[in-house]
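Below, subunit A partners subunit B and then partners subunit C, in two separate complexes.
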Partner chain A sequence: MKIKKHVFVRLADTSVILGQRLAEMCSNGPTLEEDIALSNISLDLFGRADELYKIVAKLEGDKFTPDDYVFRRNEREYYNIKLVEQPNEDFAWVIARQFLHDVYAREVFTQLSSSKNADLAGISQKVLKEIKYSYVHSKDWMNRLGLGTEESNTRLQKALDHLMKYVDELFAFDELDKTYLADCEKLKSIWFKEVDEVLLESNLKRNPFPPLSMRDYRDGFHSEHMGHLLSIMQYLPRAYPDAKW
Partner chain B sequence: MDKFEAAFNELIEKELKIEPRDWMPEKYREHLIRQVSQHAHSEVIGMQPEGNWLLRAPSLRSKQVLLAKIQDEAGHGLYLYSVAETLGISRQEMVQQLHEGKAKYSSIFNYPTLTWADMGAVGWLVDGAAITNQVSLQRTSYGPYSRGMVRICKEESFHQRQGYEIMMQMAFGTPEQKEMAQDALNRFWFPALMMFGPHDKDSAHSSQAMKWKIKIESNDHLRQKFIDHTVKQIEYLGLKSPDPNMKWNEATGHYDHSPFNWDEFWNVVNGNGPCNQERLDHHKKVHNDNKWVREAAAAYALKTETQVA
Partner chain C sequence: MVIQKEFGHLWEILSEIPDPEIPVINLVELGVIRKIEESIEPEKITVTVTPTYTGCPAKKLFNDLILEKLAEHGFHKVEIISQNFPVWTTDWLSEETKAKLLKEGISPPTIGDKIIPCPRCKSTDTKMVSAFGSTPCQSLYTCNNCQEPFNYFKCY
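What follows is the complex of A and B.
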């Protein structure tokens, strides 16, 4: 399926893929309370994706439905940030990925909430309320795991060291980003300032790594994890193309 | 009979509620702990067979509905563990009993979910059977359990509708979808009916529980109510009855059914069903793999509480 590049597609794809990753945690959380919390955040993300795909569908003349976008595109036609497709190696990965995403998403939707596009501004205002909770949850766990035990600190640091590789591309803004985001440089500087502050207070570090030759998510490039995620998620509509669900 | 026991009996007689601080016979307490913890474990273990299809849900809507439903079940598990805690047992002890095989959960969750239609059959039949039982438990004599059930029933009725919606999509869908719907009905029908427990004449705990009004209606009465209600839904879906002997009996005013395979029922209860080992192993593995998270949270709480003090 060919889809025109929209900022909405990037945001929607990022939401649905992170939603799917969090759904994997259902019945796998460290406590029942945490299981419920992660399901809640996952539900918010699926709802957000649905709303954003509806805008995309409208822009494309209603040729496709949100479900078509989710279930009938292959990995090279998906435009999510690579950060969110990284696997749930352990609970530290889930938390680190969520925290890095939440700070980013909060700043993106803050800027989009004053967009001239009324649909987008409306959704962004709703999303900001959801992210507020998600952020409190992920930041609290950053503190808890960072300062809890030696083991939890080590695990979280290891997760961060892996996930930080997928941060640079968030801020490699293209013309399309710049059309919608009011101030890209500000977004980047707020993100680094805040992440560094939370890492510092949690006894964690942002370790340097050599420059990576990695292609950009804006061109539909992914890690190998993505294909497996999609093959599970899209199995039924692909296997029974004529069925209605 | 001392004055405490007389007061307890009077409360039961008048259909008033027994509250956590009231005196109660030790056997009443034990019965409730066993029943409520089994109920809580069922909610939690029940997340697994549905979780099996969560990642493969075929639309954004069905994914959200299923996830919300499983999340409700985790919530029910929480309320019920809290109810049991008012009787003097901790969640940790209950989980330990589950892992040691001393506490049971509903045997229905030891069956595998093999197709998407099973998400329909589980909601429709398994939640449907559960709600038939739970509606009557809203009047149970133990106050916290009764109040928990009122809330749980509201959510369960949404679950049953979610299941029936999937059954309709499947039964009225493509021939392949209809075949999956029939297959799911065939596999879940008898296990769902046996969820109500043994026949009244064979039920070990029933008679005392009914005297104490923990249990309000008998296994056979509730089962028959469920069958009578569900047969019409099978007909509406255009599916075949999985029981060739199921027919309307003018004399009794109920549907007749074939004898149940109680040997299979007890064999699954006793640990030899298709997924008993897998369900328990999964729960243990998640619990053990995440021990470090709970330890970190406890260590952090201790540090921050000390700082406040």
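What follows is the complex of A and C.
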């Protein structure tokens, strides 16, 4: 299933894939409250993706539904940032991934909220209200794990060292990004400033890593984890096409 | 935002639909029904709905409940328009609605999430247990005075 490259698709794919990762945590959270929190945030992400896919569907002449986009595209037809497809190795990975994403998504939707496209501006304003809760939650856990025990700090640092490799591509903006985002440089500088501040106060570091040869998510490239994620997420509609509840 | 009051009887009919998750208030009180209009097509009405949260599981249920209720009263040609803008806000809950929530044991939204009274003893000496609660729109709190655990309707 071909989909036109579009900023909405990037945003929607990023939301749905992160939503799926968090949904995997449902009944696997460290405490009941945490389980509920992660499931709630997952729900927000699915809702966000649904609204964004509706805009995509409208642009493409209503040929497909949001479900079609989610369940009938292959790996290379997905345009999510690689950060969000990284697995739930442990709770520290979940939190680090969420925090890095939340700061990024908040800044992206802040810029989109003044977009000339009324649909996009509307949904962005809505998303900003919801993201606030996710951000407070993930930042709080960054502090708690970073300043917790030696074990929690070590694990969170390990998660960060892995996830940071997938951050560069967020800011390798192309022409398409630039037509929607008002100020790409500002987005990047705010992100690094804020992430560095939180890492510093949490006794964590942004460690350097050797240069990687990884192709950009904007061209539909992924890490090795994406195929596994899709194989679970898409299993039912693939095995039983057009199955209904 | 002022809710238009034409189609008074239709507003009344839709006020009979309880919120699926918080049945003590109805969909009109919740502020999700924004507009009821006559369509260009004869005898057809359009209802404009603004969802509370993008991921609200009741989003689709709202539409089904509205269609069902209107059909019960003989309105079969109904179109539901989903409108995200202006964004739904807890400011649309009236004081009366908030009082109903409090009576039901849900502390109503307050500006900036600042003063959160306990629905049981009305003490404002309360603390958050978890920002995420039983529904996407609520947080878990507990009262420091009477130890009552309760839900707080988040301010959006």
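Throughout what follows, the second predicted complex is superposed on the first by the 242 of 245 C-alpha atoms of A that agree within 3 Å, B and C clash if a C-alpha of one lies under 4 Å from a C-alpha of the other, contacts with A are read in each partner's own complex, and residues count from 1 in each chain.
Convention: a residue touches a chain if its C-beta (ideal position, glycine included) is under 8 Å from a C-beta of that chain, and two chains touch if they have at least 3 such contacts.
In this text the structure is predicted, and so the values were computed from the model without any measurement.
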(request) Quick one: classify A:43 as touching subunit B (first), subunit C (second), both or neither. (result) both
(request) Examine A:33 and indicate which partner it touches, taking first as subunit B and second as subunit C; both and neither are also allowed. (result) both
(message) With both complexes superposed on chain A, which partner does A:118 reach: first (subunit B), second (subunit C), both or neither?
(response) second
(message) With both complexes overlaid on chain A, does A:236 touch subunit B (first), subunit C (second), both or neither?
(response) first
(request) Look at A:70 in the shared chain and tell me whether it touches subunit B only, subunit C only, both, or neither; answer first, second, both or neither. (result) first
(message) Looking at A:23, would you say it contacts subunit B, subunit C, both, or neither? Reply first, second, both or neither.
(response) first
(message) Just to be sure I read the superposition right, which of the two partners does A:51 touch: subunit B = first, subunit C = second, or both, or neither?
(response) second
(message) Residues of subunit A touched by subunit B versus by subunit C: which partner has the larger set?
(response) B
(request) Please indicate which partner A:133 is in contact with in the superposed arrangement: first for subunit B, second for subunit C, both, or neither. (result) second
(request) Please identify the positions on subunit A that touch both subunit B and subunit C, taking each partner from its own complex. (result) 33, 36, 40, 43, 46-47, 50
(request) Could you please specify the touching residues of subunit A with respect to subunit C in the complex? (result) 33, 36-37, 40-41, 43-48, 50-51, 118-119, 121-123, 125-127, 129-130, 133, 136-137
(request) Write out the stretch or stretches of subunit A touching subunit B in their complex. (result) 16, 20, 23-24, 26-36, 39-40, 42-43, 46-47, 49-50, 53, 66-67, 70-71, 90-91, 143-145, 147-149, 151-152, 155, 232-233, 235-237, 240, 242-245
(message) If we count contacts the way the header does, which residues on subunit B are in touch with subunit A in the complex?
(response) 44, 47-48, 51, 54-64, 67-68, 70-71, 74-75, 77-78, 81, 116, 169, 173-174, 176-177, 282, 286, 289-290, 292-300, 303
(request) Would you pull the subunit C residues touching subunit A in the complex into a rising list? (result) 53-57, 59, 84-88, 129-134, 136, 140, 154, 156
